[in-house]
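Paired with chain B in one complex and with chain C in the other, chain A is shared by the two complexes that follow.
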Partner chain A sequence: MNKPADMPEDEEGATVAGRIEGGIDAIVIGDGVDGLAAATYLGKAGLHTILVGAGKEPGGRIAVREIAPGVEGVDGEHLVGLLDPEVIAELDLYRHGLEYAARRLDTTYFFDAYDALRFDGDLSQAANIALDDDEERDALEAFMAELLELSAFLRPAFRPAVYASGDTQKMLGKTLAGASSETASLIRRYLIASAGDVLSARFADGPLKTLLYSEVAFRSASAPNESLSFMPFLRRLSGEAAGLQGAVAYPAGGAIAVVTALRRAAQGAKVDVRASAPVKSILIEGDRVAGVMLEDGGQLRAPIVVAATDASSAFLKMIGPANIDIELQRVLTTQRPEIATARLHFVLKGVAQDETTRANMKRRLFYAPPVEDVTAAFLDARAGRVPEKLIVEAVFPGALDDKLLLDRRQLMSVMAHPVPFDATPDDARREAIKNAALASIEMFATGLSERVETVDLRLPGDEAAAVGANAGAYAAKPDILRQWAIAAATAASGGINGFYFCGPEAQIGSGMSCSAARSAARAALRAYRKGHV
Partner chain B sequence: MSGQYDFLVIGDDEASLCAAAAAARAGASTAHLRINQRKKQSGAATTPAIPNFVWRRLELQDYDLTLEPASARVTLFKDGDPVITYAKPRETSAALEETGIDDHFVWSDFIEETNGLAANGYLASTLFNAGKDSGKGIAKMLTDPVALERTARLFGPSADLLNDYFTDERLKAHVSAHALGLAGASDREAGSAAALSEFFDEDSWRARTPKDATNLMTVLEIACQDAGVKSYAGKITEIANDGAKQIGVSIGAEDKIRTSYIFFATPEAAAAAGALQGDGRPGLNNTAHASITVRFKLSNRIEPPAGDDKAIFQIIDDLEDVRDARDAAVRGKLHERAPVEFEYTPNGEIVARTAYFPAAFFEDGAWRGWTGQDRQAAAAIIKNRIASRLPDFASQIRRAETEVMTPNTRESFFEGCDRVIVQWRRHNAISAAVKLIDEVMARSE
Partner chain C sequence: MIFPGEDIFADAPRPTPLFAAVASASEANLWTSINGWTAARVYSSVSEEYETAKNSAALADLGPLTRYAVRGADSADFLGRLTTAPAAGLHVGESARGLMLNEQGFVIDLAEVSRLSEDLFVITTPTAHGRRIKLAARGMNVDADDISGQVAALGVFGPQASGVLAAAGLKSVNETMAASGVLRGVETAARPIQFGALPGVELIFPKDEALTIWERIMRRGVGAPIGLDAMEVLRLESGAPRPGVDFIPADRVSKAGGNNKGRLPEELGLAHLAPLDHGWFNGRRGLRERTGKPERRLISLSIDDEVSMPGAAVFQNGAPVGRITSCAWSPARKRVVAFADIAASSFGKDYEISVPAPKEGRVAARVLETAESALAKAYSGEKGYSAGAATDFRR
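The block that comes next holds the complex of A and B.
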């Protein structure tokens, strides 16, 4: 799908066993979007950069896979909402082929107890929803306006590894220090409060509170009735899609389009991309990095190494506990993820005929279970049980993008949340998750089960196995303070000169962002230019 | 009667009286309002300790006041020996060693870290308190990895903290039950570490009035008078919040006063007055929980199964009880194995409490409030829990008085009034209340 014709086929074997390759300025480990972006930044700056990836194709967890005979689906993500606009601009991703099949995706919310709500545009476009209660609508507009403003203000705080580079730190300090006391007290409140408390203070029980409760909880590990659970929503709203803050967009061809554009950009930046080249260890000499040793025995030597793999692979496996400080070790080993998001593809027989359904299929469909059921779902998932009802986000790639239309069948791409995190789920667990997701989808698409031809489930363990990573890195992100703390700890890179980290733990919030890659690459370039590496 | 004050402190508890007296001694014109005149007894046999700075400020040495620290914290498990810890870390490690708990050698380290986390002043002020420099505080936190890690730890789940130090499941369960019981929290919920570290603050160790000594409340009432606190009693009938710097408060039919701030030293005081509680502080998810106290008058004294009658007891089967009961409360259900805390009053009564019951009940797809039946069911659970640990308890009960305190969620006089200050549920309630009122004074200057 969408593979550019001019892309050279990957050569067999990345290095020759036992051979040491030098003359390299920078090595990037990991060929996901962050690895590609980091390598492109370095290559663009004129550094001889080699990207080594474990998989056969660059992309990491974002990959095209055959879901059923003749049906391809994209793993990992289906929408774009957080992709850093500065990365898009600086790496020229639009020129390299990134385009959107649908911008500012309209959302239809489905409930158990209320009629569906259709938003034309995102949540801040409350004026466009059919809601009888004007007061509630005004409350939503005011609330979203406040949140959008605040989240834009907080954007520097959501940049990963804020302190790794002096200038970002200064900028963040300046921005926040300039906050009025009202803004500061709002930030404090939204940081500490639970989503339930924030929403109850603004909305009466009803569809708006229900949908916001689910939106805030979606993809988060923080139960929405617990402290620190609201802030991740501000993180999401701080993102942009197709230039619109807080919106989501569907890239032409699906999320893989981001990978494709980044590959082209990397190629344009003369990055030497080597696939099927798993790294065995990162070479450390004294207090600085010296290169990497590949699984096949070859060595690549360079003064800069950027790791875009998960933190425990990078620090505990490739660098080794002996070379990193005890505090970072503790941060990495005490993580016990409990919550995950399930990624599903449904291949459906037949094509919807009626106009309403067809119109709905061009939208982001979101099922918001009753507030009590969402609370219960988090309790269940944390206790290792598959919840009865899941929050569901569904899109129909074929309806959003003509090129993805199937013949007499339809593909539905779904994210369902929360499910228990399990690094190696057994078949019974998988079945239970599929059934729970399907039951939740049935709540808004009655009779859909009968049309299901294939159900394909991807859990963090599957994604991790595909790229040789630690499954925990793909679990739902922990509370926001913990995310910040881990990002800060990993960005310090264990005090190893020339080593930079931009794996999933360096990123605040879920979804593709590439902010971490940008931070890491810029820090590396600064050190390179100053002659520090 | 009318009057004009800087503070109107409302609440029938020790923390409120201390805050009122302390504010008055610091030069603020202060009034204190008692709402419930019938209530003469405190809800518990023990109170949070009075820290030295409050003792000095109120010159309590001049009063006939004797307090003794609670002797120990005891957890009565379903099977096996109880776990007992003491105020002094050294005493605790020795006791743990004696009972064969291997974790005894890290107890002091654990206390050191929790104290360090709780004492980290600027974390607390960054996240809790308003002020013109608070934006700077947040920036500082976000740009300092060490501060960030400490903050994340302080506001994370207490299980993380405990697992870092201890392997003994009974010790972990003991600490969790005692530290989290106040708010009805779970050791796996965000923010419970904050409650845990506050629990080990020096000012959190509870104290009791010995038998035949003057009641602490009585002493504090006199101290308030001596400090010049004007005392009112009655129900609030109206609050005039005209957006000005002063609020008008009508008490009963006659009294109309004006005040700059209304101050609640505890969420219980706020709930009793019908004020909305502050929103969920970390680890203190108090909007989801009711707090219940049952006072049992007994025909005959019952000896405690461990420790002595000056100790504070917790009943749990294991750590799962803490988690399950909290989860049940969140779902709006009573839980049979809810953790129950109890203590002996000087005259041999048993006062038991739990905060692990729901603020409201979720039944047939809808929420409803507490009924008489629920009170009975809740009291029965508490009774059964104690009976499972104290043989003969059930047969010795002469009378049981149940009090249920649910967070106020109804509309109230206080709605939309930003000059109402509510302290959240604290282990070190007295110390925290006095510090908070001091801070408000400093801010408004």
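The block that comes next holds the complex of A and C.
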């Protein structure tokens, strides 16, 4: 792009080994959605920006892969629900091709002991649910309205820019300062409460309590009966709280569509995207960042470096322990992940014949095991055992998006939770997870096992290996206080002038968000304009 | 080396490797606990021990301090990260003082680093930091072993310190360079240390040989043991703050109050031990942000009184501005010397100190020039002080 004319290139477009390339305003490391978003922000602002990624294609862990002969699936996420509406608007992602095949996805919940519950829309549309017990429905409606209001209020607290000062208490105090005493009191209670306590206080034992128990536990490292386990649910709802833009949706073409749109936006912003250019180290001179050293020996020098990789890679490998504070190292290394979510694709033989099944396939299907089984599942997963029953979220891409229809086969995309975190799982562990997921799916789709042609399992270790990252970054998110602490520590970027971090640890909550990228890029631009870098 | 505050509620402290030796020399039999180790408060009398240190040579059991042997190719980088001491710039045999800071630049502890060989260092700290050291060593080619309790450590201070060492047969040892070797069959390391800003030598030898070395020195009749109370007077005169007494280390500051932040080097009068224009150290970026904006100041005072008490209020122009953190009667100055923690905005020269009964009132106090404050002034470039002497702590 804005590269000097005499700068030689190899076939991939990366620098030639051993060469030093200057005249760059900003380097973004990591070509996942956060890296693409951060680079686009910087490029749009007129900075000569280079995005370097380790993989052959931008996208990071969100990647299209052949699951079975003739069948492609999308690794990483299958739905979006946290994508920052401001990022969509500011980067003009709709103009760059982002489309949704289904928005505010209808959901059907399945149980062991109760009939399935169908929501037209997601949980927030409680008023539309058909329930025999009107009181229960009213309770859910009131509860969801309350949570959505709190989520909207807490949106700033879920953004890295606010807590980059590193003081969670101060941040929370500031956030609560504008709240009514009733709202502040509710938030304080929900902050420390266990999901089990909150739900037991509002709902009798029954399907609503069961489904909420599983929804809260889904993708969380905290069991619902543990304190601090409820707040992450408010984070999940904060997408919906932002309006339709942030609601749970299925992008046309799958989650890769977000990557594609961001990539086009980056191209429009004249970002120089360089694939297959893994970074060996981040160059620090004094207390300033000076650029990056690539694995091939080439150097890119710039006053701004934004790392959109996992924190361990960025801080401990690329910067190195000798250049970061011990306290940051402690935050990044002291807690070993224990819980993960399994990502599966099932290729099924044949197509659904009956109308009910076909209608269900256009929905988000969610299996909520009994409350006691969810609690037991977390205990098992922590002990390194694969639980018997898993919470399952499933969608059929072909049913949601005609373009993804397969001939005489169907692809079911699944996320199953909780499973034990294991950076290098063996075949036995993989087989056990596949079987547990299939057994849980059988609870609501009897006989499905017989139609399974291929089962494809991706665990955090697989995703990390694909992008050369630390597997721990893709484990389930810990409790909210720890998420805030890690995000605050990493977003502060070790105090290195010109260095900004927007990897997964800088984000509150699971899923594609790009909030951290937006915060990091805006902070870099502020410093650039003030001449601080 | 400065001892940390005593463990007031400790019971049954462990004997230091030198305990059997120093106990035999103790007439007062007055002991306390430091870091869970036994430490003598007084051997004979505070004034005698003080005079010995001033005029002859004082022998201090430094066993209660914490020591780590640091080995490996990344030792210098590791210590340069862990402390503000310029470890990478030390030649074999040199020592340097420094501070341990947290990421915000607040002081966690004092430290003294000696380079015994190309990749072997000894670091001594007033309190233990095992977990921090283990964490800091992750990802670096370095082994840090806690050798406290495995070795005997004898500090020798005073004008005749070299005579004591010679009497012990340690002629190769001097006060500026560390040395190690086998002396009369005993493996011994000697390194220069500082008691605050006062120079001295620390002998480190296997604990099994503690009595041998002690006897060898005592038989020559030069030097006498010194207890904590006399060392406290020397410490206050030299202007060396004591962790846990004059300031709360940043890793122990209660966060409950909200306003307790710990103390910056500048606030303790130790900015010269954390120079921002040298290599990187833990907390330097936080320190850079906060430097020049002290909220408190720890100052040395000379009080026109014979008795004063820690906790006494410090006044300036009639308004309370702080409190005394530690104090003692100084025979040399014929006054009480003290440390006072005051609001930075009231930093000046003249103060008043509240005096309790029987003659309740206030007495005058003036800021005291100490060896440590002279170094701080030199570092800050104050007229009449040499900056070079302040920023180079290699000895």
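To be clear about the criterion, the second predicted complex is superposed on the first by the 501 of 533 C-alpha atoms of A that agree within 3 Å, B and C clash if a C-alpha of one lies under 4 Å from a C-alpha of the other, contacts with A are read in each partner's own complex, and residues count from 1 in each chain.
Following the convention adopted for this analysis, contacts are C-beta pairs under 8 Å (C-beta built on N, C-alpha and C of every residue); 3 or more make two chains touch, one makes a residue touch a chain.
Since we're looking at a predicted model, the values are computed, not measured.
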| item | value |
| --- | --- |
| Which of chain B and chain C A:382 touches, first, second, both or neither | first |
| Touching partner for A:20 - first (chain B), second (chain C), both, neither | neither |
| Touched partner set for A:496, first chain B, second chain C, both or neither | second |
| Which superposed partner A:130 touches (first chain B, second chain C, both, neither) | neither |
| Touched partner set for A:321, first chain B, second chain C, both or neither | second |
| In the superposition, chain B vs chain C on chain A residues touched | B |
| Which of chain B and chain C A:189 touches, first, second, both or neither | first |
| Partner chain(s) touched by A:179 [first = chain B, second = chain C, both, neither] | first |
| Touched partner set for A:465, first chain B, second chain C, both or neither | neither |
| Contact residues common to both interfaces of chain A (with chain B and with chain C) | 169, 327, 330, 334 |
| Sites on chain B touched by chain A in the complex | 126-128, 130-136, 138-140, 142-145, 148-149, 151-153, 155-156, 160, 163-164, 188-191, 279-283, 285, 287-288, 327, 330-332, 362, 365 |
| Residue ranges of chain A touching chain B (in the complex, touch as defined) | 157, 162-163, 169, 172-181, 183-185, 187-189, 191-194, 196-198, 200-201, 222-223, 225-229, 327, 330-331, 334, 370, 372, 375-376, 379, 382-383, 479, 481-482, 484-485, 488-489, 491-492 |
| Residues on chain C engaged by chain A in the complex (per definition of touch) | 74, 77-78, 80-82, 102-103, 132, 135-136, 138-140, 258, 280, 282-286, 288-289 |
| Chain A - residues contacting chain C, complex | 169, 286-287, 316, 320-323, 325-330, 333-334, 494-496 |
